[in-house]
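Listed below are the structures to be examined.
What follows is subunit A paired twice: with subunit B in the first complex and subunit C in the second.
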Partner chain A sequence: MAILEYIVGRILQMVPVLFGVSLVAFLCIHLVPGDPVQIMMHGRATPEVLATVRAELGLDQPLPEQYLRFIGGAIVGDLGKSIIQKAPVNEIIGERLGPSLFLLVYSAVLAVLFALPLAVVAALRAERLIDHSIRILGVVGFAMPPFWIGLLLMVLFGLVLNWFPISGYGDSFVEHLWHLFLPSVTIAVFLAPLLVQSLRSAMLDVMTADYIEVARAKGLSRRRIVVKHVLRNAAIPVVTVLAVNIGWLLGGAVIVEYVFAFPGLGSLLVRAVGFRDYPVIQGLTLVFAVIVMIINLLADLSYMAIDRRVLRR
Partner chain B sequence: MTAAVRAELARWPASLKVGSASFALIVLTGLFAPWLTAYDPYTQDLANFLQPPSWQHPFGTDQVGRDVFTRVLYGIRIDLQIGFLTTYVPMSYGLLLGALAGYLGGWFDTVLMRLLDVAVAFPFLVLIIVIIAILGPGVHTIYIAVFILAWTMYARLARSEMLVERGKDYVLAARTLGYPTSRVIFRHAMPNVINSSIVFSMADFVLNILLVSGLSFLGLGVEAPLPEWGAMIAEGRDFIFDAWWIATLPGLAIVLTGVSLSLIGDGLAHRLGQRQRSFL
Partner chain C sequence: MTTTAPLLNVAGLCIEFRTGDAVVRANADVSFTLTAGRTLGVVGESGSGKSVLCRSLLGLIPSPPGFVTAGSVRFEGGELLGLDEAGLRRVRGTAIAMIFQNPMSGLNPVWPVGDQISEGLRVHRGLASRDARARAVALMQQVGIPSPEKRYDEYPHQWSGGMLQRAMIAMAMACEPRLLLADEPTTALDATIQDQILALLVELQERTGMAMILVSHDMAVIAETSDEVAVMYAGRIVELASTAAVFRAPRHPYTLGLLGSIPRNTGDTRLRPIPGQPPNLVELGPGCSFADRCVFTSAECRVTPAALRPVGPAHLSACLFPERMTAASA
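Presenting the complex of A and B:
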């Protein structure tokens, strides 16, 4: 019962945040200085066309009514219509949601794969040369602009060596893995240093705990202690770092998607801003926020699965 | 005086020394850029376009014959100025609001926390881009957008630090002595609250330089002729196959600056006795 209570409580907490989020997404078109419709049409439309578009977007209605229509539509998945692409926003976003989520998961997995061995070595050899070298490597990785790494990887592995495709998404799962390798590595380079540092310090904390002493006294091998005890208990910080940085991860993905001309939500956002396609921008704002909230919810639920003590707080 | 300085320097970890020295060098290079190069960052020389690196042009020339080295040097001024302001302006009022919320509690704290909940529900870059979509691209919009949003991180940090400090004996003692609340907050608690934000600000500085160069790369930030590093990388992107130096070398400038700042942050974390590393 406690579990169910916790989950329901956690979801109820999201309601006021969702209200705030929807307000931000709704207001973005109304905060445009001047006439958003005029700007959207780039000043090239007749007054009749402007009036039609305004009516189509519902901008001629009173503000509270517009908000209710916006939120009512959003709940049933109707996010309005793109003026530029002449298609429903939910369809435009829906097409690109899958590829973006794939990219997100793929880069998180690669980042963990890069970070895990480095963190284990750094923690086992703490304050030695190899530990310091790994830290410097992380500092450099953290300071590299994702669009720059992406560009360099694209030139080196895509154009010069011709190992990986430099754009697109592919049609099957294996093709996705192949097409998304370079963009995912780019994001992972940025994310991995954060993971290495938190995993390293978590492992150092766990390694001084009493039950590790007990395991050592029992004569368990070093390898077994690291794998079975230390890594398992250091898993929570990894989940936290991934969840806390999900905003940065999604932001980085926006730029990386643009570099690789990848058909995802980020490149859609950049394009929509270029065209001032406000219905698409509003829809994306909402979708991005919901993704962040769902991932944070999943992170909280996974703490519960890893460590039941969370429930008592 | 010199003895005090020497004693302080002796307590600096190596990362702080190396980071400060290289960052100081970068700042000086930016300040003295006109004396360090014979070229102008804007003057085009169409007879010498896309020249590879040489003694005349150590970083080569771009598609309209401008000296890339000169543009990278002048870029220091632009990127550091934007990076500095976008870090420390929001930090000032973020710290203030967070510390007040942590100390006072009540409705002020509740309202602030709800605002922070909404702010962190969005990816930071997405909100910045949305504000750019509202107000139009350019440096001024970046300033406005970051000033609206970035204080939330400092407010969160300062609030949680203040919650800890508030319960400590020295604060209780100051309150018992009847000091006014403002004095307890600013003279007693604040010096202890501020450290974690100072350490975080170094990582934030790096992220803000990445943010500005990233937005300029997307064509939403600093406008074209200005020698901003991200904008230069965007320009060089079209020529990357024939002239790798245009996009690659400004990127190295970003990395070098970022590493210097991260090292300072790492060193400060040690020096100020903060447990966490600079970029966490």
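Presenting the complex of A and C:
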């Protein structure tokens, strides 16, 4: 079966990438000039303490052995211990992974909901006033710094109107939706213009295709042509834009996380870098890489679901 | 012999394309009638206005830049020009259907072929999915697509060009149109497939009694299929008569040139191409637009407007001096 073959093939392709990524994550601790343990301890530790930490991190072992230990641990979910928090890295990351992924998916869904009608209107009224207005709106949304949009939304909807909470994560799914609304909108305002532009231009492209003229000659309504014959074809480049940006936002949402005092992976990374907490940095590098790979896999599967020509090699 | 009311009556059709300051007259004063069950062949070079003519009948010309500036198109007694989108949708795909030049790009790559054939039945006839599928499978059988039940769910990229054109024909025939517009239906196909597709069109026409407008740049295709021929040049019909009359005794030098450029495998006569290029439609002079390439041309040809007029029984020509041709061949 061609479809199954395709999926298995795509998953198998991930294996060498994963290997490369693990190598990079592992080596990042050794890229530090000088003695990583010295730097981690900010140069204020006695030789005895340094030796203890070095042994704790396994840095006194030969390099290949260190890598095997690292990869062996990673496979069973053991990413070592944080130097600062003295807790297992997988627990520290695990605590924030859920909220971060929630924020990411929520933002992406909102961005698509914003972008879809705007892009369709812009494409159907291309080069008219409404199209130009949507473009300007997009430029403004994309150009405004996220912390500024976040603060504006917070002041208006959080403090003045009191509709949404301005921080936290909540305890249930519905509460998550409620708490993360403003941060997600902030990210969506940045993301939506990218989607509008790519969907608009893809739609304009598809609308000149021969099969669209054939569909018109068949007597189909404009609505049916747009929904059935244009949008599906135009979705492919949009999936690409979305996938690339979601991967980036995983760590890039840090400003929004700070503005809304939200416990996400981005702020964890920034803090870990600040404290030179290498086990956490390593762990996050690996987790980010795996998530980006999963996002790419999902994008590939979407291409296949949209257009069967993908299966032809 | 009883006279039947024409199925289609096109009168004085003028279509312009406006881009920036330039105005291109893609169709100028085009008039003809078509009786039910008959085939009109429209022949001419690229850019002569054949495809624009076809598209205008279904309101498929994008506007802007295209504008119908004059004329009327009466189909079964009703005027088609000026219909709104909803009115056009009731005609498109049901009363008048169209097939296109390039079947490879004419089907949507993301939907199965069968689904696109049955779509018209679901939309226009309100058939349920299962009934539409059964009807589409029958249509696929009729147009010579082997094992249609199995191929219904295949995608366009899995099919050959000839099979895709058969699918396009099945799609056009779905709602039993009274008029089929075929815009260069065989141009993109291999020579052997061309003949099969033409034979299929003729067979379907005999079976259903529909009328057909067959656009081609190829006189041989027209000879094989058409009852009447309209020869187009620079947006005008320059000769209009029965196929037999046009092939036996053409009354326009351009038609003569087209006939001279058909390859024949009898004798050793070389092909005689028409010298020169078609005129730029933006810069047409007042006279006959073929004057610059015509072997019989004279000074009057460049200044006197050349309108289509009777030159024999049921034979129209826009040549100002058709007698020069007869004199030359005699």
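Assume the second predicted complex is superposed on the first by the 305 of 313 C-alpha atoms of A that agree within 3 Å, B and C clash if a C-alpha of one lies under 4 Å from a C-alpha of the other, contacts with A are read in each partner's own complex, and residues count from 1 in each chain.
In the analysis below, contacts are C-beta pairs under 8 Å (C-beta built on N, C-alpha and C of every residue); 3 or more make two chains touch, one makes a residue touch a chain.
Note that this is a predicted model, so its numbers are computed, not measured.
*Asks:* Let's test your reading of the overlay: on subunit A, do subunit B and subunit C clash or fit side by side?
*Replies:* Superposition check on subunit A shows subunit B and subunit C fit without a clash.
*Asks:* Per the contact definition in the header, classify A:K218: touching subunit B only (first), subunit C only (second), both, or neither.
*Replies:* second
*Asks:* What is the C-alpha-centre angle with subunit A at the apex and subunit B, subunit C at the ends, nearest 10 degrees?
*Replies:* It is 80 degrees after superposition, to the nearest 10.
*Asks:* Answer with first, second, both or neither: which of subunit B and subunit C does A:I306 touch in the superposed model?
*Replies:* second
*Asks:* Please indicate which partner A:P146 is in contact with in the superposed arrangement: first for subunit B, second for subunit C, both, or neither.
*Replies:* The answer is first: A:P146 touches subunit B but not subunit C.
*Asks:* Return first, second, both or neither, reflecting whether A:I93 touches subunit B, subunit C, both chains, or no partner chain.
*Replies:* Touch status of A:I93: no partner.
*Asks:* Is A:V254 touching anything from subunit B or subunit C once the two structures are fitted on A? First, second, both or neither.
*Replies:* In the superposed model, A:V254 contacts subunit B only, not subunit C.
*Asks:* Pick one for A:I187: touches subunit B only (first), subunit C only (second), both, or neither.
*Replies:* Neither partner.
*Asks:* Check whether subunit B or subunit C contacts more residues of subunit A in the superposed model.
*Replies:* After superposition, B is the partner touching more of subunit A.
*Asks:* Please indicate which partner A:I134 is in contact with in the superposed arrangement: first for subunit B, second for subunit C, both, or neither.
*Replies:* The answer is neither, since A:I134 touches no partner chain.
*Asks:* If you've got the overlay open, could you tell me the nearest Cα approach between subunit B and subunit C in whole angstrom?
*Replies:* 15
*Asks:* Subunit B touches which residues of subunit A in the complex?
*Replies:* 16-17, 20-21, 24, 28, 31-33, 135, 139-140, 142-148, 151-152, 155, 159, 193-194, 197-198, 201, 241, 246-252, 254-255, 258, 269-270, 272-274, 276, 278, 281, 284-285, 288-289, 292-293
*Asks:* In the complex formed with subunit A, which residues of subunit C make contact?
*Replies:* Residues in contact with subunit A: 58, 60, 85, 88-94, 97-98, 100, 102, 105-111, 119-120, 123-124, 155, 157, 168, 171.
*Asks:* So in the complex, the part of subunit A that touches subunit C is made up of which residues?
*Replies:* Its residues touching subunit C are 209-211, 213-222, 224, 228-229, 232-233, 306-309, 312.
*Asks:* Going by the contact rule set out above, which residues of subunit B touch subunit A in the complex?
*Replies:* 114-115, 117-118, 120-127, 129-130, 132-135, 203, 206-207, 210, 213-214, 217-220, 230, 233, 237, 240-241, 244, 247-248, 251, 254-259, 261-263, 266, 277, 279-280
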